[in-house]
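The next part holds the structures, each set out as C-alpha cells.
Look for subunit A in each of the two complexes below; its partner is subunit B in the first and subunit C in the second.
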Partner chain A sequence: MRRRLNRGAFAAPLLLVAAQSADAHIVASRLGDFYAGALHPLTDLQDIVLWTALGLLAGSLGAARGRGLVLVLPLGLLLGFNVGLSFGSTWIAPLTNAGMMVLLGVLLAAGLRINAAALLAIGLVLALMRGVVNAGGVGTATDRVLFGAGLALSGYAFITLITALALTFRGSDTAPSRAWRRIAIRACGSWIAAIGLMVGGFALAS
Partner chain B sequence: MIVRRLALTALLCVAATLFAPQLRAHEASLGVIELREVRPGAFIGRWTMEPAIGASHVDLRVPAHCFLRMPQLICGDKGLVGPITITNLGANMSAVLLKVIPMTGASRSYTITTASPVVSILAAGAPTLQTWIELARTYVNYGIDHILLGADHLLFVLGLIWIVRAGWRLAKTITAFTIGHSLSLAAAAFGLIGIPERPLNACIALSIVFVGVEIVKQQRGAAGLTARYPWAVAGAFGLVHGIGFASALAGLGLERRLLPGALLFFNVGVEVGQLAFVLLVLALMWAHRRLNAVLPRWGDLLPAYAIGSVAMFWFIGRLIRVLGVT
Partner chain C sequence: MTARNAPATRHPRLPRSTVLLAFLAIAETAFAHEQQGVPGGLASGFLHPLTGLDHLAAMVAVGLWGAQLGAPAIWILPITFPLVMAVGGVLGVLGIPLPIPEAVIALSALVLGGAVAARLRLPFAAAAAVVGVFAIFHGHAHGAELPKSANPLAYGVGFVVATGLLHLCGISIGTLSRSPAGGRLIQGLGASIAVLGCYFLVRNLAALP
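Right after this comes the complex of A and B.
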C-alpha cells in the first residue's frame, strides 16, 4: 500500500510537469485574447518551473547581473511567439525543455557565478523556446497581437517579481546569518535539476 | 439673413449627424416573444410579433438548466432563472421583447437588443438566499471582468499611481476614485443622472490625457493639480468613470427590485479587480526599485507620453464617433 502511494506521489508531479498546457479558451471566452495570452504560460508547469528557475538564478547572481532579464525575457518570448506562428510550435522537443531545466538547476545548485552576458544568453534561448511553444495556444479565431502582448507582459511581470523576490530573500553576501538562505536557493536548484531529469526520462520513455 | 440660414443649416447637419444612428435603428425589425408558465418550471413560448427574419431563424439561448424546443421550454425545479440571450441579433432584428408570464404573480418584460444582448431573469416573488447567491456570483464576476477589460479605467489608475507613487497618499487617492465612481455608478444605475455613452467615453479618454499631462508636469518639476490634490482629481474623474461602469450594468436589463443588490455586487467586483491591478503595479514598482532597473534619464518622460498618446488616440477615435463621422 505504502509502495503504491509512493509511486503515486512520484508519478503525479511528473505527469503534471509533462502535461501539455491547459486549454486557455475558457479564459479567452471570458476575458479575451490578451488575458488568454497572459495566462497561457501560467497554466503550463514547464513554463512555471523554467521561468522560476531563471528568476531564482538571476536573483541569486545579484541585481547588476539579473536586471537585464526584465527586458530580454519578454522580448525573447515575443520573438519566439512570432517564430512559432510562422513555422509551427511542435518542433521544440520536450527534451530541450528538460535540458534547460537541468542546466538552470545545476547552475543554481552549484552556485556558479556566471556573468551577465551568459545569463542573458540563457534567458534569451529560454524565452525563444517558450515563445515558440506558447504560439501553439493560438487558435484560428485568436487575435494574435493581443495574445502575444499578453504573453510578453506575463513574462515581464513574472521574471521581474521572481528575480526581485529571490534577490531580497538571498540578502547581502556579507551577512553570515543569512547563509542558510543561499543554501535554500541552491537546494531549490537541485530540485529543479531533478524535475528536469524526470521530464527528460519521461520524454525518452514516451 | 444669410448668416442665420447658414447657422440653421449647420445646426440641422449636426442634428442629423447626431441622431442618424437612432433614426436608422427604428427601421430595424422588432420581435415579441411570450413565455407563459403552464405548470411549475414549464413554459409555452409564442411569438406574438414575429421578427422579419422569421421566428425559426432566431437563435434564442436559455439558461443551461433549461431545455428549449419551441414552443416548449422546460426549466425544472430551479425555474426560469439565469441569462437569456439571442446570438444572431443584427440589422435584420435589432431588438426582441421577452415577456415572462408566471403562473402566480405579475408578468415581467425584458428587452434584448444588440447593445444589451443578455438579460438576467431572476426568480419571481421575494428574493431567496439562492437568488442573492446567484446575483452575487454573477455580478461580482461581471464587475471583475468589466474593470479588467476596461483598459481606459486601468490606464487612468496607472497614471494616478505614477503621480502619487505609494503610501497613505496613494491609499487616499484610490479611495477617492472608488468613492467617486461608486457614487456616480449608483446615481446612473437608479436613473438619477444620465449621459449618452459616446460623449462620456470621449470624456473618460480625455481624463487619461489629463493625467498624462500631469505626469509630464511633475517630471519637469512643476507640481500639477493632481500632485497637489490627488484625491480631489481622483474623486472628480471617478464620478465620470462611474457613469461609464453604470452603462455596462444598465445593458443587462436587470429587474429594478434587484438593482441595489446587483449594483453592490458589481461594485465589489470592480473594487476586487481594481485592487488586484493596484497591487500588481505596486509590486512591479517595488521589484524595479529592488533590481535598480529604472529607465535612463532620457526616458523619464516615456511613460507619460505613452499614457498620453494612447489616451489621445482613444479620445480622437471616440470624438469621431460622437460626431458621427464613421
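Right after this comes the complex of A and C.
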C-alpha cells in the first residue's frame, strides 16, 4: 500500500511537469480553415435557401432520382470552388441566384416530376455557381485545400440531411392520408419561388 | 438611550407605488440589438405582415375562405398565393405604383371577411381571381419596403414565411367550419374582419387628397 502511494507521489509531479496546453479547439492547429470552409455557406442565406430548395426537390422526387445529388453537389462545389479561385468569384450575378431560386421553387410548387438527369444537371449548375461564390471567402493566408474540403463536406451533409428529411416527411406515394404533406412541400417551393422573384426584382432595381 | 430608541428624523417619503408608476410612465423601448444584417432583415420582414392589422386580418381571411371552399381551394391557395403576391412585391421593389394601394388592402379585408361571413361559394376561378388581385396589392406594400431593409434576401424570407404562416393559421381555424357551431364561429370571425376592413377603408378614403 505504502509502495503504491510512493509511486503515485513520484508520478504525479512528473505528469504535472510534462503537461502541455490542450488544444480543445483545433482552430489553432490550422484545421480552422476546414471549419471556415464548412461554415462559410451556412452563414449565407443564399446558400441555405438554394441548398434547401434542391434538397426538397430531390426528396420530393423520391430516393431513386435524388440519390445522385449526394455526390454531385459536393463534387460540383469543389469544381466551382477551384474555378472561383482561378477566375475570381464576383462574376456570378445576384440575378443568377434569384433565377435559380425561382426555377427550383416553381419546379417544387408545380410538383413536376423531372427525371434524374435533369435533377443532376440543375444540381451541378447550382453547385458550380455556389462553389465559385464561396471561393470569395478564401483569404491570402487560408489553406485552400482545407477550406475546399470543409465546403464540400458541408454541402454533402446538408443535401443528404434535407433530402432524407423531405423523403421521410413526404412518405410513400400510395398513402392518401399523407397527401397534405406533399402539398406542404409544394407550398415551401412556392415560398422559395416568391423569395427568388422579389430578390430578382431587387437585383434588377439596384 | 440607545441609537435604536433615538427618535428618527422624519423625511417626507413618496409612496413606492407612485415611484413605480412614474418609472413606468417614462419607460422607453430598449434597443439592445440593432436591426442590422441578416437578423435585422429577417425580423423586419417577418414582422411586417404581422404588425399591419389590415394585412394580418386579410391574410387570415384568405385562409378561412379557402377552408370554407374546401378542395381544391384549400390546397391551391397556399401554393399560388405567395407567387402572385411576389409579383406585386416585384412591382413594389421596382417602384411601379399601384392605384390607392392602402385603400385596396383595406377593401381586401372587407371583401374577404364578407365572403367568409356570408359563406360565399364562388366558382374556384372567380375566387382565385379575387384573391389574386388582392395578393398583388398586399405584395406591393411589402415589396416597397424591401429595398430599405437591412438585408433584402432576409427580409423576403421573413415576409414570405410570415404570410404563409398566417394562411396556415387561417386554414387551421377554418377547419372548425366542419361542425355547425364552428361554422358560425368562423362566420363571426369573417364578420369581424369585414368590420375591421370597413374601418380601415373609411380611414384611408378620408385621408385621400
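The definition used in the following text is that the second predicted complex is superposed on the first by the 175 of 206 C-alpha atoms of A that agree within 3 Å, B and C clash if a C-alpha of one lies under 4 Å from a C-alpha of the other, contacts with A are read in each partner's own complex, and residues count from 1 in each chain.
The rule we apply is simple: a residue touches a chain if its C-beta (ideal position, glycine included) is under 8 Å from a C-beta of that chain, and two chains touch if they have at least 3 such contacts.
Small disclaimer: the values here were computed from a predicted structure and weren't measured.
A.B. asks: Regarding the shared-chain residue A:206, is it in contact with subunit B (first), subunit C (second), both, or neither?
C.D. replies: A:206: touches subunit C, not subunit B.
A.B. asks: Does subunit B (first) or subunit C (second) touch A:195, or do both, or does neither?
C.D. replies: After superposing on A, A:195 lies in contact with subunit C but is clear of subunit B.
A.B. asks: Can A:53 be said to touch subunit B (first), subunit C (second), both, or neither?
C.D. replies: Neither partner.
A.B. asks: After the superposition on A, what does A:168 contact: first (subunit B), second (subunit C), both or neither?
C.D. replies: After superposition on chain A, A:168 lies in contact with subunit B alone.
A.B. asks: For A:73 in the superposed arrangement: first (subunit B), second (subunit C), both or neither?
C.D. replies: It touches nothing on subunit B or subunit C.
A.B. asks: In the superposed arrangement, does A:160 touch subunit B (first), subunit C (second), both or neither?
C.D. replies: Only subunit B is touched by A:160; subunit C is not.
A.B. asks: Counting residues of subunit A in contact, which comes out ahead: subunit B or subunit C?
C.D. replies: When the residues of subunit A touched by each partner are counted, C comes out ahead.
A.B. asks: Once the shared chain is lined up, is A:187 touching subunit B (first), subunit C (second), both, or neither of them?
C.D. replies: Second partner only.
A.B. asks: For subunit A, which residues are in contact with subunit C within the complex?
C.D. replies: 45-46, 49, 109, 180, 183, 186-187, 189-191, 193-195, 197-202, 204-206
A.B. asks: Which bits of subunit C are touching subunit A when the two form their complex?
C.D. replies: Checking each residue of subunit C against subunit A gives 38, 75, 78-83, 85-87, 89-90, 93-95, 143, 146-147, 151-154, 156-157, 160-161, 164.
A.B. asks: For subunit B, which residues count as touching subunit A in their complex?
C.D. replies: It comes out as residues 145, 148-149, 280, 283-284, 286-288, 290-293.
A.B. asks: Looking at the complex, which residues from subunit A come into contact with subunit B?
C.D. replies: 30-32, 35, 63-64, 66-67, 70, 157, 160-161, 163-165, 167-168
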